[in-house]
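Naming follows writing order (A, B, C and D), and every chain is counted from residue 1.
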Amino acid sequence: MSAPPILECRDIAFERDYTPIFSGLSFTLWRGQILQVKGANGSGKTTLLRILATSLTASQGSMFWHGNDLEGHRQEYRFDMLYLGHQPGVKAALTPRENLAWLRPLHPKAGHDTNQALAAVGLAGMEDVPCHTLSAGQLRRVALARLYLSDASLWILDEPFTAIDRDGVGKLEILLQDHAQRGGAVVITTHQHPQLDNLCELDMVRYGVS
Amino acid sequence: MASPDAAPPELATATAFRAVLTRDLTLAFRHRGDMANPLIFFVMVATLVPLGVTPESGQLALLAPGMIWVMALLASLLSAETLFLADHRDGSLEQLALSPQPLWLLVLAKIIVHWLVTGLPLTLLSPLLGVMLSLPQAGFGPLVVSLLLGTAALSMIGAIGAALTVAIPRGGLLLSLIVMPLYMPVLIFGASAVQLAVDGISPSGALAILGALLAFSCLISPFATAGALRVSLHG
Amino acid sequence: MARTRPLLPEWFHRLGSPKGFYQMTSSWMPWLAVTAAVLLLVGTVWGLGFAPQDAKQGNSFRIIYIHVPAAFLALAGYYVMAAAGAIGLVWKMKLAHMVMKAAAPLGAALTLISLVTGSLWGKPTWGTYWVWDARITSMLVLFFLYLGVIALHYAYTNGEAASKASAVLALVGTANIPIIYKSVDWWYTLHQPATIKLTQAPSMHPDMFYPLLVMIAGFYCFYALVLLLNTRSEILHRERRTRWVLDMAEGGRS
Amino acid sequence: MFQFDSLSAFIAMGGHGPYIWLSYLATALVLLWLVATPLLRTNRLMSALKRQQTLQHRESGKYQDISPGPRTEERSP
């Protein structure tokens, strides 16, 4: 591989309120790879994802983006990364269209049409319905619609499949596969068994503190 | 796919600022009822003074400048909590913090909307309170001008407290505790501007300092609030 | 990922490790305690017994020997707390956060002392326990600032977030202190220009002034002593699972 | 040169005695409290750690595991 990995972590450790959660965690994420973070509840999966998304700062260790220390390139990194957490990050009082209207300028990239994105996640015809009338699964789909709109190369998705029905999961798997093939990379956590090829795994139990 | 050596990404920060501004305005419009709460509180507290102190207009006139300002301060304090709470609960605050856009600018947009929705209506309503508390005629002009500047400064300072207590359950009372001392200079110059005008002295000096306080808080507050939000999200 | 730290001398980082700090300061404690006690005792006896009476206020001015040092340190203590918070935020030093957490209640207590002694001094001078004098009002606001920082610190369950949040509040408070003091003075002159300022030391005869210097030095030593005591107790509390603390517990208190 | 001619004059302090002694007493109490809290806190922690150390040697594997065993896999994984 001539080009440096999209994301490389060296010896990441995290402690919350002086109690260590995990330590010594290192991995590299190359283009075209999908990394599934596995581990029991409370093993720090969400914490790791929030560290990768720069929402949390690790107690120790360093992270490299395209070979550069993340510390100096936070803004470019965030420009090229999309993080979807447990909460959808969608305002219930607004309609899906209005929600995407304020979420898109945060990552201003060549984007596709909002209607196409909402149709792709199965919300066709519901673009102008207030989100508080939508179900939890539909709310998450509004957040997932951002994946169709953004050109960020690194996606960090926390439990993207929860509350999504069968065909929604199928579509999402295809989307992740295409993204990887186009040279992007994905980090996900899920308790289901995603049918994805070149899926690599990272088990938190190896880094947990005994 | 961008990589660091590509030209620095064109961030369109202005569009992001406008997007957050319109988002919050539409949200405020969707919850129109909530906009009335600080105003109702403002007028209700005004009726406490005659009930509690004296209905006699001569004495009320002495109290009016200071009391109206105290009530405006309390009303804006009550509404400061709503600034980030809803965004924190549904995760949109984290999305704002993780965007490449400068967080202090997005926070500035939110503070401006918060002022438009609470501070400005309070200012426009204050002459009504002036009448209720028999404020002398000379005081009305300076009252509106001082509240115009003052409520903006209060929204700015209140944002810091709101950001610090957003992750704390039932953080509302704590918000008032940590923000009240920072409100005092604004109250001092705001209320004395009206008092000076009532006493026939030109209030321009006090209003000028009030403007300086607003400028100072505009300079400090967005950055302090952005820093405080990142701390709260870390918690 | 640890923030790339600006260039700092090595001893600053060694000082940064709580264990290193604890062991280094163990030898200072007895000296500090003795000096503080001696200075405070000498100052009190000198101020109460040997300093001449004040022409106007008579003996009640002797309260100045605890009011002024406490007021002075209450304000200086806020800046110490904010500085420790800033160091903790910028260089991510756990020890700095511990120093800040130790400085907050100490500063609040000193502010309380200056308020109580000021009010007791006001009774013989002005006939009432509470007068909205500029200096005392600013001291009261400073007390609220301290209470705000302490309350915010205890509201967070996560210790680290608590230190960072209260550090931010302390810094914002520091930026506002000069403004608060100036605006209270302006407000005071607007309403009551005439009466004397309480802590404006009346034309100090040298014999009155020396005990005051001794008392200020004594309070400084006392402040350093309690700050170190609190920080060391916080270090032991946070490192209670580590080997060196457990050994110390077994080997009897060192 | 001691300012007061007698001990009782010293205590009376020319009529201002109560205020002066009260403020010195209050200050002394607060200062003592400031010194005492960290010392007490350290003592409590140290004795708790000492007790915890001795306890740990005797107490181990005290609770019997009551969580259900692994279910036999009826359906295919």
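We adopt the following convention: a contact is a pair of C-beta atoms (placed from the backbone, for glycine too) under 8 Å apart; a residue touches a chain by one contact, two chains touch by 3 or more.
The structure displayed is predicted, hence computed values, not measured ones.
**Q** So which one's got more C-beta contacts, A-B or B-C?
**A** A-B
**Q** Centre to centre, by mean C-alpha position, how many angstrom separate chain A and chain B?
**A** The mean C-alpha positions of chain A and chain B differ by 36 Å.
**Q** So, what's the distance in Å between the C-alpha centres of chain D and chain B?
**A** Taking the mean C-alpha position of each chain, the two centres sit 41 Å apart.
**Q** How big is the gap, in whole Å, between where the Cα atoms of chain B centre and where those of chain C centre?
**A** Their C-alpha centroids are separated by 32 Å.
**Q** What's the distance between the Cα centroids of chain A and chain C, rounded to whole Å?
**A** Using C-alpha averages as centres, the distance is 47 Å.
**Q** By the touch rule stated above, which residues of chain D touch at least two different other chains?
**A** In chain D, nothing touches at least two other chains.
**Q** Touching two or more other chains, which residues of chain B qualify?
**A** As it turns out, chain B has residues touching two or more other chains at 234.
**Q** Give me the residues of chain C that touch two or more other chains.
**A** Touching at least two other chains: 158, 160.
**Q** How do the chains pair up in terms of touching? List each pair.
**A** Here the touching chain pairs work out to A-B, A-C, B-C, C-D.
**Q** Spell out the part of chain A that touches chain C in their complex, as residue ranges.
**A** Where chain A meets chain C, its residues are 12, 16-18, 57-63, 69-72.
**Q** Within their complex, state which residues of chain C touch chain A.
**A** For chain C paired with chain A, touching residues are 1-4, 157-160, 238.
**Q** What part of chain B is in contact with chain C in the complex they form?
**A** The touching residues are 160, 164-165, 167-168, 171, 174, 177-182, 184-185, 188-189, 192, 209, 213, 216, 220, 224, 227-228, 231-232, 234-235.
**Q** Applying the document's contact rule, which stretches of chain B touch chain A when the two form their complex?
**A** The touching residues are 1-4, 8-12, 15-16, 18-20, 22-23, 26-27, 30-31, 86, 89-92, 94-101, 233-234.
**Q** Contact residues on chain A for chain B in the complex?
**A** 3, 31, 53-57, 65-66, 68, 73, 75-76, 78-81, 83, 85-94, 98, 101-109, 130, 151, 153, 182-184
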